[in-house]
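Down below are the structures I want you to see.
There are two complexes below, and they share chain A, which is joined by chain B in the first and by chain C in the second.
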Partner chain A sequence: MQSIEAQRKIEPFIVFFVIASTQIGSGFLVFQRTVAKSAGYDAWIAVIIAGIMTHIVMFLIYKMLKEEGADLASIHQQVFGKWLGGLFNLLFVGYFCYGLLTVTRTYIELVQVWMFPDLNVFLFTLFFFVLVFYAVNSGLRVIGGLSFFSIVLPLYLIFIFLFILPYTDFRNFFPIYDHSIKEILQATKDLTVVMIGYEIILVFYPFIKNGQQSKKWAHFGLLFTTLIYLYTTVLSFAFFSEEQLKETIWPTLSMLKIVELPFIERFEYIGVINWNIIIIPNVCIYLWCASRLLKRTVKIQQRKSVVGLLFIILLIIPQLETRYQVDKLDDYFSDIGFIINYLYIPLLFVLLSIVRKVKKRQ
Partner chain B sequence: MKKYILLFLCLILSGCVNKSIIDEVDIERGVGYDEASDNKIRGTILLSKYNEDGTTENVTMTVVDETSVNILSRLQRQSDSTIVYGSLKLVIFSEAIAKKDLIEISDAFVRDARLGSRMYFVISEGSAQKVLKGEYGDHGNATFISDALDHNIKHGDVPKTNLHLFVYDYTQKGRTAYLPIIKKLNQQRIDISAIGLLDRQGHLVDKVSVKDMFYLKLLVDKYSGGSQVVKLDGDRATIRSIHSKNKIKISKRNPLEMSINIKVEGIIQEYRGKKLTQKKIEQFEKKFAEEINQNTTKLIKRFQQLGIDPAGLGHNAKQQTRNFDFKKWDDEYKDLTVHVKTDVTILESGVVQ
Partner chain C sequence: MGFFFKKGNKQPKLKEQYSEETDTAPAKSKDEKESSYYNSETNLHFSIRYISTIVDQDIIQKNILPYLLDKQFASIADVKKILPIEDVQIETNEALIEEKLFNGYLVLKVHTDKQHVAFIAAKEVIVRSLSMPEVETSVIGPKEAFIEAIDQNINLLRIRLPVKELMIEEFTIGSVSKTRTALMYIDDIANMENVNTMRQRLQAIDFDQINDSSYIEQLTADNKNSPFPQFLDTERPDRAAGVLVEGKVVVLVDGSPHALIGPTNLVEFFSSPEDYLFNWITASILRLIRLFAVVFSILITPMYVAVLTYHYELIPKDLTATLITSRQVIPFPPILEALILELTIELLREAGARLPTKIGQTIGIVGGIVIGTASVEAGLTSNVLLILVALAALASFITPVYKMGNAIRFLRFPFLLFAQLLGLLGIVFCLLIVITHLLRLTSLGRPYLEPIYPPRWRDLKDSFIRLSFDKQIRRPSYVQAQKEIRFNPKHQKRRHDIEE
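This part shows the complex of A and B:
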């Protein structure tokens, strides 16, 4: 394997932003409804449990990546051999493309519902993808920079949420732990799939300077998103009644509807537009990972596969038209994400440690 | 070359969405619903036309239809410019509508992403159309009425309300909603005449008059502002509440009993009588507390008889009970004993003795 030149690598602390920005995607706007359906006002406990789960998986991932120059493709090859490993690589390529598709389509739906019902989906996607291509074409360092801005720039939204405080009732959380363990675990499952995206580190790990040093930044990134999720959960639960939560599709945005400033009457539009900044690195990183894995498997030049993948997805997106289809798209992505992150990765970890032990003995 | 591509892109992109130029659209600021014959609804919308000299002209349009959503589309046909409704401030329901279809109509306002959740829902005594047809203030009727509600919520006796809180109260188990009731006095003035109480189905069942509004607000809301006259052996003091809190607790189980602790901090605004000594102030505190106890207890009894719960006793009981059973609560609520305990502190008595 050819080694990666130093100027194409990213600093370890950038991992913090990449991880956080992939975790805060379109799911961030909608997760309260699903978790409230499962565990009502107790769902905030699930946020904490789900946060811990992400840390565990991240720990496993870094253990797997400990070997020099390891990434998902090399791990697959070690565990499954060349052909089967290649097949699994391709499955991951599909997964990343699916993620890219879901994130883009759900964002477009958001724009359609909240701002422009008559938006031309194809044109919007086309121009959005031109931007994405421009970023991905410039390499991982640019994507890292985008991630940085996608976290730092919208950070002010955290304070905007405080405007809802006069309309909140924090006693809603009592009595704490009024739901069964089963219900809370169900909510945890719903949440773990909202918080996925960090598994991309398996692919771009070789591009990090002093890989293992980035470990703490990755964990910080996870902690940061857990706290952000917890913050919005607590605020939205104090703001909405349980029934309201179960009916509101985008609670995070609906909360912003109450914000009124002297110079701007409605804030959710700013929120929707800001969300574009948040999802750009999200989409870019999925695309980059998919094309990188393709390159490692079938030796297609990354630039070519990026164009190819974008073209295919550009054709698929306008075919998904109704809320129901988008919702289903989301659901399947959640299911696949859950299987990959919480079943497949631990399994891979076990297999890899067995393989490594056997090799050592030989 | 790059420049031309950019220019080209701008041209295509600007064609992507509909534009609305503010001078060329009608801005809907208020809407009112009245009952019409054959189970239909008479909808009136209030448009604000902003004139060049800075004044606002009120234009109303009325149409009768079966559903509230059709009303706007029918009015669109009668108007020469598009009616936009993103800055809708005020929705008025006549009493007859409030007794029947308020919740069905309100669905459209909750569902639409264009509408803010700070708009006011109010009930009108008499026809909503008539209220919208007045000429209040210089900034348009909707602004006038919503400003009147605004400052009465902040400084007066009207409990906090808006679209979000209404839906919150209506959907929260163990709580029922309330809405302010307004009355048109004459062509230039309106009055907030009562608070309408809605039952769990969202139908108007009772009204709390101006006299009791103060006590209602103590029960349902964090309260500040508003004043009340207290009489004590021929002396009279006007006490202005500046801060209040209520705590609703389960004081005893089997059979269930609840207690409401109200804490009021106030100042004496006006006093008529002999010298105002510390002892006198303490007597006034006690008398005021007693009056609050009596009147709030009366209100709660009234709520219990009607099976409504604007104070959220059920919601509070749920917060203090594991595996709370709302069915059982519904049976218990009617005969529930509620103790009200009030603690009044008079902080200041003005700049003279």
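This part shows the complex of A and C:
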């Protein structure tokens, strides 16, 4: 087992912020439309079910990580052996990079639509990646700090949303439960992929001081995001009519458009720039995890692989030009994320338990 | 008989016995003096050597020579007995001679004993008297500041903390300047890890000259490529004594009227010693105003540039109208306008700092009123921006620690640049870079952003706000003091019920 210096480790409660910040990304701005499509105003039930799902998966993850110093690479090695396990590690590296690419490109799309239609994508990405590189290069402690700020600084938006209360109608929710279970489950599936990201704990778990103590914080993080999602869902369902919601691409930002302060008129601008703070730790943690897994698999220095990965993605991003491409990017990421979180991780859990049992018998 | 003999010899004819030898060493400084004497009572020939410019001639004439010439001075070991001077060392090591000589010691050699040398302290210390603090002025509270002499400064601290636990370790740093540097801490309060770190860093310094404590600060900083100071410096003994009791370490440097304090954190730079003199409500509000001023001073001009370059629609139309009218005749884009004004302010500030006080004031008036009004009238800058820049400059002066004020002064320019490139998004970019940088920083290995990150509720009581003294039961947690509890809260008066 590799040993990690105590100084490099993060405190258990930081896991709360890391988990919460990875779950709130660009998906947070768009999810209402997708869920309303399948379950209408009953989709808030789906939010709760999806929240419970994340808790279950997190429970499995912590069960897997119970062994001293375990992480995704060591689990893969235990279950699949050196070569096949390494291959799976590389697949995860690909997944994290894809996540990094998706989050960044979706944010750029957001900036293009809401702020700068003729943004120079390459230059913007370059700036963005310089910042990401600086943060990742400083280590997990700094990334944890950024996660903290990405939760705390935009927290005021919760209260800003209250400005729309005069324009809401909570009778929209009635009658409750007029959609079939199938429709609600479809909405749940759509939501679960918005709330992914917490699986990164499989990689950075060895860097948490007293790992198992962080369990409750991880669950608190999930609970926090579930509540935030529920809050926005309820508000936007009360604000939009069902038909309108199906036509609105960015309901969260459209809601912010209503807000008017004496010195700020277009509040959605503030929303867009706030989202920069929110996605930065998201991107950083994906990159960190990818480089860490690469190091665990093929022994490339993290410092080098971080630069390499960023460079590759920097070249890919300007190639994705149209809205359609970005949408497809998102869709694929959702599908892969769903498979990994809700099929692969439970499967891995079962396999790992069998392997551990067999070993115990021997 | 001997009594009379002695009496008769009480006025030694120094001049007669004095014979100058000027032809010994080849390269000898003009002020290096060496002379031989003869004690007639014990038939002892001896010679003294000293640097005339750093020894006190009075001490030699009154406290050393009369005794050496009259008393029972038979061997070098007697020196300790007969001289009324405490600091007398008898050594066999010839190599020490040079060092001691240039530290104000008299080197005494006896002709019969070639092995031993005596060093007698006779240093002349020229000390200016205590004066008022000039950088950290305060309306109320103690009015004395450190001076350039380390012993005086230690004295100022010792008087405030008369306990045996106040430890002083001394180092000589600088291969040429041989600067005396003192590391101070309270033994049973300070965390030894902090003390050891500081000691190691002081010992590791390899530099030729230490002119001021700022040299030490830069040479021992955790991150040398940061605009932010990582040690707090103060010229106030009350502040230094205060942080010693909190469990921090203080470094005093000879020749520097500023003490260094570590570990520290970002928020501490915005606290003034006066905060502890007002009641806690006033002090807390003042601190909050100060922090607001800092944010305002960094962000206001970049916001102006961002809004006027990219986001006209962000602000209400009445406000837009005001801004547009004031910019109607300005031929420059907002960024150029802002840069011109910011640079003017920086020039004025620099000029004001470099010039003698009286002229400095004049420059301030000329710059502030004449240049400001004239440039608005000439249509080079808008008056709204003039107001903003002036306010920002004013706000940046609020920082109680001068070095932090400078860092904030510098920060505005990258923000301006990013605001021009990407508008508000650029400002957020820059903010994130600064936050990341601050997250990386440590002071003596302790996180710099504490108590914000890592979040410590306990330390909030003396950071953005300052709660009353009876709430300050524990010392700040980032210092990790040995004794965390400042006082036993049980001794406090229990709160009475309404009718009791």
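In the analysis below, the second predicted complex is superposed on the first by the 361 of 362 C-alpha atoms of A that agree within 3 Å, B and C clash if a C-alpha of one lies under 4 Å from a C-alpha of the other, contacts with A are read in each partner's own complex, and residues count from 1 in each chain.
Here is the rule we use: contacts are C-beta pairs under 8 Å (C-beta built on N, C-alpha and C of every residue); 3 or more make two chains touch, one makes a residue touch a chain.
Note that the coordinates shown come from a computational prediction; the quantities given were computed from them, not determined experimentally.
**Student:** Of the two partner chains, chain B (first) and chain C (second), which one does A:Phe124 touch, if any: first, second, both, or neither?
**Tutor:** both
**Student:** Now for A:Ser254: first (chain B), second (chain C), both, or neither, which partner does it touch?
**Tutor:** It touches chain B, and chain C stays clear.
**Student:** Taking the superposition as given, does A:Leu146 touch the first partner, chain B, the second, chain C, both, or neither?
**Tutor:** The second partner, chain C, only.
**Student:** Please indicate which partner A:Ile277 is in contact with in the superposed arrangement: first for chain B, second for chain C, both, or neither.
**Tutor:** Second partner only.
**Student:** Thinking of the overlay built on chain A, is A:Tyr167 touched by chain B (first), by chain C (second), by both, or by neither?
**Tutor:** First partner only.
**Student:** A:Arg266 in the overlay: touching chain B, chain C, both, or neither? Say first, second, both or neither.
**Tutor:** Touch partners of A:Arg266: chain B and chain C.
**Student:** Have a look at where A:Ser138 lands relative to chain B and chain C in the superposition and call it first, second, both or neither.
**Tutor:** Once the two structures are laid over each other on A, A:Ser138 reaches chain C alone.
**Student:** Just chain B (first), just chain C (second), both, or neither: which does A:Val113 touch?
**Tutor:** first
**Student:** Have a look at where A:Leu60 lands relative to chain B and chain C in the superposition and call it first, second, both or neither.
**Tutor:** neither
**Student:** Which chain A residues are contacted by chain C in one complex and by chain B in the other?
**Tutor:** On chain A, the overlap between the chain B and chain C contacts is residues 116, 124, 127, 265-266.
**Student:** Of all residues in chain A, which touch chain B in the complex?
**Tutor:** Residues in contact with chain B: 113-114, 116, 118-120, 123-124, 127, 166-167, 171-172, 174-175, 178, 239-244, 247, 254, 257-258, 260, 265-266, 268.
**Student:** Applying the document's contact rule, which stretches of chain C touch chain A when the two form their complex?
**Tutor:** Chain C residues touching chain A: 310-311, 313-317, 319, 421-425, 427-429, 431-433, 435-437, 439-440, 449, 453-455.
**Student:** Hey, which residues of chain A end up touching chain C in the complex?
**Tutor:** 11, 14, 111, 115-116, 124, 127-128, 131, 134-135, 138, 141-142, 145-146, 148-149, 262-266, 269-270, 272-274, 276-277, 280
**Student:** Going by the contact rule set out above, which residues of chain B touch chain A in the complex?
**Tutor:** 9, 12-13, 16-18, 86-87, 113, 115-118, 160, 162, 164-165, 167-169, 171-173, 175, 316, 319-324
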